[in-house]
Amino acid sequence: MHGIAIWFRHLYETTGINLTIAYDPFDRARFLDGFLVTLELSAITIIGSIVVGVIGAWLQGARLVWTRRIVQVYIQLFRNTPPLVQMFFFYFGLSSLLPTIKNSFGMQEPPVSGFAWACISLIFFAGAFNVEIFRSGIEAIPSSTIEAAEALGYTRLQTYLNVVLPLAMRVCLPALTNNLVNLIKTTTLAYAIAVPELLYVSNQIWSDSVNVPVMMVVLFIIYTALVGLLVAAMKAWERALHRPGLGT
Amino acid sequence: MPRGFDPPTGWTPDQPLVAIDDVHKSFGEVEVLKGVSLSVRRGEVACIIGPSGSGKSTLIRCVNALVPFQKGSIKVLGIEVNDPHLDKLRLRKHVGMVFQQYNLFPHRTALENVMMAPVQVLKRLRAEAEAEAYALLKKVRLEGKEHAYPGEMSGGQQQRVAIARSLAMHPELMLFDEVTAALDPETVKEVLVAIRQLAEEGMTCILVTHEMGFAREVGNHVYFTDRGVIVEHGPPAEFFAAPRDPRTQAFLSQIL
Amino acid sequence: MTDRVLPVILPLPKALRRDASSSRLCLSLWHAIALAAFVALTAMAADAATGQPTRASVLVVLARWSPLLLRGFGFNILISLMAMAIGTALGVFLGLGLVSPRRPVHALSWVLTEFFRNAPWLVLLFFMIYMLPFRIQIGPLSIALPDWVKAVIGLGLPVMANVAEIMRGAVQSIHPGQWEAAESLGFTRNQQLWQIVLPQCLKRMIPPWMNLYAILAMGTTLASIVGVNDVVTLAGQVQAAEGGRTDLLAPLYGYVLLLFFIYSYPIALLTQRLERRYAVHI
C-alpha cells in the first residue's frame, strides 16, 4: 500500500496527474465512503424499485377500477416529472411538513434523513417505470396459460406469483436492465440533497485538490464499471432463467 | 372411492355428478348459450359435438366457473356453480380441465407441472406429490420425460403432461376441451389412448371433441349443440346411426 | 352454417382479461386535476400548519411568482430544444458510424455511444462546466460560453449517444432480406442504406426519439445543480425571497412538478399512440 502511494505521488510530481485518492489517506477514506454510499443507494433502490414494480403490476390487474386508476396516476406522475424535482419535493417539501424529533444530542432533526429521502424518491421514480415494464411482460403471456392455472385451483395471487410473474420476468428482463442502468446513473441526483455519495465526495475532493480532470476520469470509469457489473449480473440472471422453447 | 374424496353438500352417488339446468350465457350482445340442460352421472363419458361457435367450449368453461353465466344452474357434486359466493377452489379441486392449447407452464419441467398444483394449492407434502407425479407421468407413458421442459416436447407429449397435471388433483370430473384439435394427426392417437384408459377406469368425463369415431366408441352419451342449444342427444349407437334432426344430419354428413 | 360466426371460443373472454390499457388514454384530465388538487392541498396543509394569518397564503404566493417561474420553465424548454437539436444532429452521424460496415468507424462509434450512454448525465454536466473554457476563440471570432450553453452541450452529448442507439436499433429491425434484395438489384451499400433501409426506419425512430426528448426535458432540471437559473433554481429563490418560509417548499416544488407534467404528459400520450401505430409486425 505504501509503495503504491509513493508511486502515485511520484506520478503527480512528474506528470501532474494528481490522483489524491491513491496516496492521500484522507481523500481515499472519503472517496471510499462515497463509493459505498453509491453502492448502498444503488442496491436499495434497485431492490425497492423492483418490489414496487411487482406490486404495482399486480395492482394493475385488480378488479377494482379505482385501484387500477390510482396505480395509473402514480405511474404517469412519476414518469412525466423530473426526478430531481421529485427528490426536492420529498426532501425539502414533505420533510418540512413533518414534525422534527430530538436526536441524542438534544438537537432538533428531521425524522427522515437525506439518504432515506433519496432512496424513497428514487424508488418511486424507477418503480413507476418498472410497473410499466412488468405490465408489458404480463401482457405478453397467453391468457389461456393463466386460465389453466385458474382451472387448477390457483388463486389470483398464487397465479401471479407462480405463473404470471416468472413468465413475465423472462419477457421483460432486457427492458428492466435498461431501467436499472438508468437508476444507477440517477443515484447521482442525491448529490443535490447533500447525500455524500460518489459524485458528492468527488466534488469535495476536486474542490480541495484542484484535480477536476483526474477525478472526472475516475468517476467515468467507476460508473462505467458499475453499469457493466449490473448488465453482466442481469445477463447471468437472464441465462439462469432461460428455458427451452421460451423466448430467445 | 378415490383417495381424498369427500362428497360436499350431501351429494350422493345416485344423483347426477353434473347437473346443468337451463344455462344462459352471453358475451355482451351475443347470446352464446340459450338454455342448455344436460346431466352426467358418475362414471359416465359425455361427448359434446357441434360446429365451431355453437357454444360447446363455453359450456364446459361454465362448469368449472372459468366463465360466469347469467341464468340457470350448474351443480357439480351438489356445488352450485352460479352461486355468487362460490368457493372456486373447492369446486376446482373436484374438476380437472385439459385445454386445446395444452397450456402447460413453459418455465417448469413436466414433473414440476404435474406436482405444482398439489403442492401449492392442496398443500400436500412435496415428496408425496413428487412420487405421485412420477407415477402419473408413467401412466400417460411419459417415463423418461419427467425433466423435459414443455418447449422440448411434441404436442401430443405436452397434452399428456396436461392430462397428468389435472389428474394429480384427484378430480371427480374431467373436462376435455377439444384436446386433440391442435395436434399433429400422428400424435392424436396417443392422447386418445390416454383418455380412453381414464374412461375405462371409470372417470367421469365431459369431452368437447371433433373426433367422431372416438365419441362413438368411448362416449356413453353424445350431445349435439348448434347455436347455443342442444339440438339432439342420445347414446352414440343411436345418435350416429339414425340422427333425427336435419341439422344433426347435415353436420354428420359433412364430417363423416 | 357459417353465415354468422359467433366469437365464443376466443381463448379468454374480455371480461376476464383485466386490461389496464382501456383506462390509460382517457385519464389525462384526471391526472391534471389530481395534481392541481395535490398542490392546493399541500398549500392548504402548509397554511393550516403554520396558522399565522399575517402571512400571505401559499396560493397567493404561487400566483404572485407565477410569471417568474413560467419564464424559468420556458428557459428549461429552450435548453431542452437546443440540446435535442444538437444531440440529434450529432447522433445521426454517430448512428451512421454504428451501422457502418467499416470496422474502425464502427468501433469508434460504438465506444463513443457506450460512453455517453452509460455516463451519468449529472457527471457529464459537471464535466462540461469545468472542462469547457468560458470563451472560445475561432479565428477572429470570440464566442462566450456561459454556463447554460455548456449545459446544452453537456445534455446534448447523451442525447447524441441515445439517438445513435435508436438509429442502430431501427436499422437492425429492418429485415435482412431488404438489404439482400437491394443488393441483388445492384444498389451500392450507400444506396441500400439511404434509399431502401433508412426511409423504412424513419417512422420507427420517431416514438423512441420523442421518448428521449421527454427524458431530456426532465433532465434540463439538472442544469440547476451546476448553476443555471432554470425553474428549479428560481423556485428556491422564490422561497428565499418570501423569507425562507419552509411551508412554501412543498407547494413550490409541487408547482414545478405540475409544469413539467403538463408539458410532458401529452408528449408521452402521443408517443404511445405512435408506438402502437408504427408497431413492427414481423
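Observations
Order of writing sets the labels: A, B and C. Residues in every chain begin at 1.
In this text, a contact is a pair of C-beta atoms (placed from the backbone, for glycine too) under 8 Å apart; a residue touches a chain by one contact, two chains touch by 3 or more.
Note that the coordinates shown come from a computational prediction; the quantities given were computed from them, not determined experimentally.
Touch-path distance (fewest steps) from subunit A to subunit C is 1. Central chain (C-alpha centroid nearest the global protein C-alpha centroid): A. Relative to subunit C, the chain whose mean Cα position lies farthest away is B.
We define each chain's centre as the mean of its Cα atoms; on that basis subunit A and subunit C are separated by 19 Å.
Per-chain Cα centroids separate subunit B from subunit C by 53 Å. Measuring from the averaged C-alpha position of subunit A to that of subunit B gives a distance of 48 Å. Residue positions 11, 16 of subunit C are each in touch with at least two other chains. Looking at subunit B, one finds that residues 66, 101 touch two or more other chains. Each of residues 142, 144, 147 in subunit A touches at least two other chains. The part of subunit A that touches subunit C in the complex is made up of residues 60-63, 65, 68-69, 71-73, 76-77, 79-86, 88-89, 92-94, 96-97, 135, 139, 142-144, 146-147, 181, 184-189, 191-192, 199, 203, 212-213, 216, 219-220, 223-224, 227-228.
Of all residues in subunit C, those touching subunit A in their complex are 11-12, 16-20, 23-24, 27, 30-31, 34-35, 42, 45-46, 49, 115, 118-123, 126-127, 130-131, 214, 217-222, 224-225, 232, 235, 246-247, 249-254, 256-257, 260-261, 264-265, 268.
By the touch criterion stated above, subunit A contacts subunit B in their complex at residues 142, 144-145, 147-155, 158, 162-163, 166-167, 170, 241, 243-246. Listed in rising order, the residues of subunit B touching subunit A in the complex are 64, 66, 88-89, 92-93, 95-97, 99, 101, 103-107, 116-117, 120-122, 149-152, 162, 165-166, 169.
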